[in-house]
């Protein structure tokens, strides 16, 4: 897969001007999204995620800065060119924005009609997509007759209909149960692999990022706090904002563990599935308690974190820590203020 | 009085009324619908804001709406004559009725389209829809129930105006009601005429509401 | 007729009132009244003209005491109205008459009138009858005599040329002339429309039925005939100043009655 | 012709027009707004469905809308006289204008209220809101932009009807235009009058659009 | 806390009748929700969750069956009584349903106005609630100026405004980031404890159920698949539907583990935080590898699951399994078809 930025954002700012107040929704954003990326955007509610994504296809006109799509400055395009550019970007909205007077099927046909695809082909594609999102039986239902999750799936199908180059997803799975989420994510990953489609995905669910993203940006208070590879950021979140998001339970567990020699072992994919903790226990003949664990096997590599409680014996605990270090694992003492 | 010629006249009145009303409504929509669409499109918060064109159109629409119907009627006489070769009869009345109703229709259409959710408009913009596509595939279909309800209002309003058709020999029920009921005091004829008018209005209004509800997929 | 008594009493019985409230048609009546107004002012009366673009309301308003007099109709219409609406209005003076004329439209002369020709006539009751009678006088149609001054298209008994009669609002007639073969038009509207009496192919003749049956009158409520201000009004309208004005302005389309 | 009395007349015409138009609109809304609300409330998909009352009201509204204005005008004369003691002048015209416009307003209001999102109505129902509270705190405020736009339409339509005030000696610009332009053929006065009418319409329509946009919080 | 059913649903069915098709959204639902419960409802997209909750306050009229609220049959109440009943139920909608023409603050005041609370008191309460959901600075903003999560928080605040007896939440945290979710959940738990408010919560996030619910119902294809205490259902999901939801990752991990002596140890809170795995390792002097871990410390007890890979040696693996059994843990072999 050739890697060149398909979306590049340069010192972008967006300010909403109200009657009394100004809201600086985005401030000096710089971002490169490479072709073929699955790019996650996370951040607290109101951080500016939706605004950022809306800037990517000029639904929101940036107050300052530029958005380059495929090398073109979107603000410099004429209307027709902008339309062309937008046709190669699919978008899933946080509020779905389905056409209320069209059936589910006709909603999926909508972008195809706009792109000038003939009726029969559009219908065939819609049928495929309905199957893909598991809603073949709802083809003739109107949005008002669909459940929240069903609406969202129709919105996803609609965004996929034209096989866009870029898919902008504003919380594409927030209304879906874990299983449906998994299958949608698998679907996204698949089209990303097969067709090289770039996906930008806003989400609140860390597992979504873990499962499919290769890069992630963390937005905090209108600014980019951190941006990089998922494995890196999820194992070494540097800024407090990132730590807060990546280890939301951090504080909670910390309270329970402090003063008991608790350490957090972070698996960032570098150690493969060898029984490192069990081996350590055997090596030092001393039990350790697993206080909290959240690990996952991704492509045969271990990711996630385990918080264990080392023995009371200071020197033994020290040795164990060194043992883990030597194994290439990141080890941190869990103290009061670690996120 | 219930002789054949009276019945004949009433029957013809119904026919003329329907003819003038539906004809004018049709043409009023042919002109007014695009104008309403343009008003929405060119407005400051529209899909193709254009302050100058908007203002021009806005003033034109208001201008036409400002003419008292009778004045409009005489003002467009030359045009009617040029168009139809005559200024008499139901067909000729359709011209001033259309011109008088078109800006009214434009305003009604404007009102309906303004109620379409901005979210879906944005969605279609994000798909690279052209202004024409947004109008055709989003604004009009999404506003359909409201457009139909307003169409019923337009029809009944235009029906009211046909009563003035008598000025140019247009005929129709309204004119009969005025000539016989009002000037000649043959109140039984007036009564029948008014009843007929009520039936016509009831049919159009009822039909409008019914279609609007049937075609509304939001509930 | 209920409830209006208090109000009408105030207007009608207060003979000290210097204001005379007269209902009138915009043309020519209101215009003529304007001239009379100056004369009345010298006599200490103030003329308040209320213009109506309708032929029913001014009689009803007069009958209800909201007007002191009205000036828009001819005698025949007044009689007819009294009968139909049960009002008791009387004339206290005939001021003028407006001879109807037949004017050329697409057809330039009465002789060359083709079969199936269209002739436009006024659509209000008595003017329509007048028009039909005028056409009868020209030998174009025959009208049932019993219908008299209430005749409508339905009362045509003989129509050898199969003439299509189209009923049009009186003031509109001069405007639609190009669309019909002939039109029967009230004199004043013909003048306003840029026509001359001399252009007319035929006119209701002076001294004919028209002058006796169609003089435009000042109508008042029965019992008010002798109110001095109303008498003054009639006098003013019959004054030479007014007559001169009428003759100069209307060039024969409105003819003062002595 | 541009003497003092003509200016005086035009000035008075503007005043009378405004008086009749705004007066009638006010009363038409006082009657028509509740009727429109009831139509929406009693409809099959309303917040208090009531087929019988709905049908009755629906027919009454259609009935009033079926009368040609002139017929309506004489039909209500006794009522006007009883109410005001007179049937002449601008004030008296307000009565038939109101009666003629009220059902029109009711239909416009009905159309506006039907556009309110069912979701927020449900939300208020889930909070135990009474019908009155839903109307007062949800339907009317949420439909506000549409109501105001339609009010501008109602005003200009009623303004058009005031031209017929001349039938009962009502006065106003429309009447002046008809008297001078139509009956007397003094076309320069008519022109001025029509220009004044255009200005009035422009003001109302512009104001309506402006307020509607300013008060709309959806965009 | 006195325990009597505040909401009882008896053989309830709901069928939507369309032009051509009928949708049986709910079928023969029986459910008791006790006062003070935090009752979770989970299920796949389109299962009928929203419909069920909407039946609880009669926004949806059941086709069959009854809904008892506080002992009253809701369908038998007259209009006024139904209004009264509804006033003691707050509801958070999946689509928020905020009044678009009211500010955030005025939206929160809305239910108070309806309940007849005076303006000043209502404003004060709204201010409190805005603070509680972290949106004091958005008091004067209109919904169209708020982000998705901000709208949701306003909807939450609005539902809480009247201190209802029951809170019906249709995906109350779906648009919120993990931290905001946590604080909202803490808030809900707190009002549940302090005021004894019953909370019914539809969610797709298992952690929401884990974190605050004491009871849970699983809806599958319009029917209740399982219903009971959270600890029980989450450790021993019986029906496939429940297993599918509770261990959505199950299948995925299984693929990687099969044929390698992988076992799943389920912690259902009965074993406290003793180092059971480490002790086992020490006992048998043989390492085990942790393949997947998702455990949590709730009130000092361990919850969740750990998948470990036992040694190749059959007898040793057997012994280890027995060791774990004896410790009161649920142990399952991870084979192909376990959800």
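By letter and in written order, the chains are A, B, C, D and E; residue numbering begins at 1 in each of them.
Definition applied: a contact is a pair of C-beta atoms (placed from the backbone, for glycine too) under 8 Å apart; a residue touches a chain by one contact, two chains touch by 3 or more.
Which protein is which chain? UniProt says A, E = ATP-binding cassette domain-containing protein; B, D = ABC transporter permease.
For clarity, every value in this text was computed on a predicted model and none was experimentally measured.
K.L.:
Treat touching chains as neighbours: how many steps, at the fewest, connect chain B to chain E?
P.N.:
2
K.L.:
So which chains are sitting against chain A and chain D at once?
P.N.:
B, E
K.L.:
Using C-alpha centroids, which chain lies at the maximum separation from chain A?
P.N.:
C
K.L.:
Based on the averaged CA atom positions, which chain is farthest from chain E?
P.N.:
Comparing chain centres, C lies farthest from chain E.
K.L.:
Just the number, please: Cα centre separation of chain A and chain C in whole Å.
P.N.:
Centre-to-centre distance between chain A and chain C: 87 Å.
K.L.:
With chain centres taken as the means of their Cα atoms, state the distance from chain A to chain B in Å.
P.N.:
Spacing between the chain centres: roughly 53 Å.
K.L.:
So the centre of each chain is just the mean of its C-alpha atoms; given that, what is the distance between chain B and chain C in Å?
P.N.:
36
K.L.:
Give me the residue numbers in chain E that touch at least two other chains, ranges are fine.
P.N.:
In chain E, the residues touching two or more other chains are 95.
K.L.:
Using the touch definition from the top, which residues of chain D touch two or more other chains?
P.N.:
Within chain D, residues 70, 74, 178, 182, 218-219 contact more than one other chain.
K.L.:
On chain C, where are the residues touching two or more other chains?
P.N.:
Correct list: 56.
K.L.:
Can you give me every chain pair that touches, using the contact definition above?
P.N.:
A-B, A-E, B-C, B-D, C-D, D-E
K.L.:
Mind pulling up the chain B residues that touch chain A in the complex?
P.N.:
Touch residues, chain B against chain A: 117, 119-120, 122-130, 133, 137-138, 141-142, 144, 215-219.
K.L.:
Along chain D, where are the residues that touch chain B in the complex?
P.N.:
Answer in residue numbers: 44-45, 58-59, 61-63, 65-71, 74, 104, 107-108, 110-112, 114-115, 118, 145-146, 149-150, 152-153, 156-157, 159-160, 163, 174, 177-178, 181-182, 190, 194, 197-198, 200-202, 205-206, 209, 212-213, 218-219.
K.L.:
Would you mind writing out the residues of chain E in touch with chain D in their complex?
P.N.:
Answer in residue numbers: 57, 59, 82-87, 89-91, 93, 95, 97-102, 110-111, 113-115, 142-144, 162.
K.L.:
Going by the contact rule at the top, pick out the chain E residues touching chain A in the complex.
P.N.:
It comes out as residues 16, 18, 20-21, 23, 42-46, 49-51, 94-95, 140-141, 145-150, 152-153, 170-171, 174-182, 204-206, 244-245, 248-249, 252-253, 256, 273-275, 277-279, 281-282, 285-297, 300, 304, 306, 309.
K.L.:
What residues on chain C touch chain B, complex-wise?
P.N.:
55-56, 84-85, 118, 120, 123-125, 154, 166-169, 172, 175-176, 178-180
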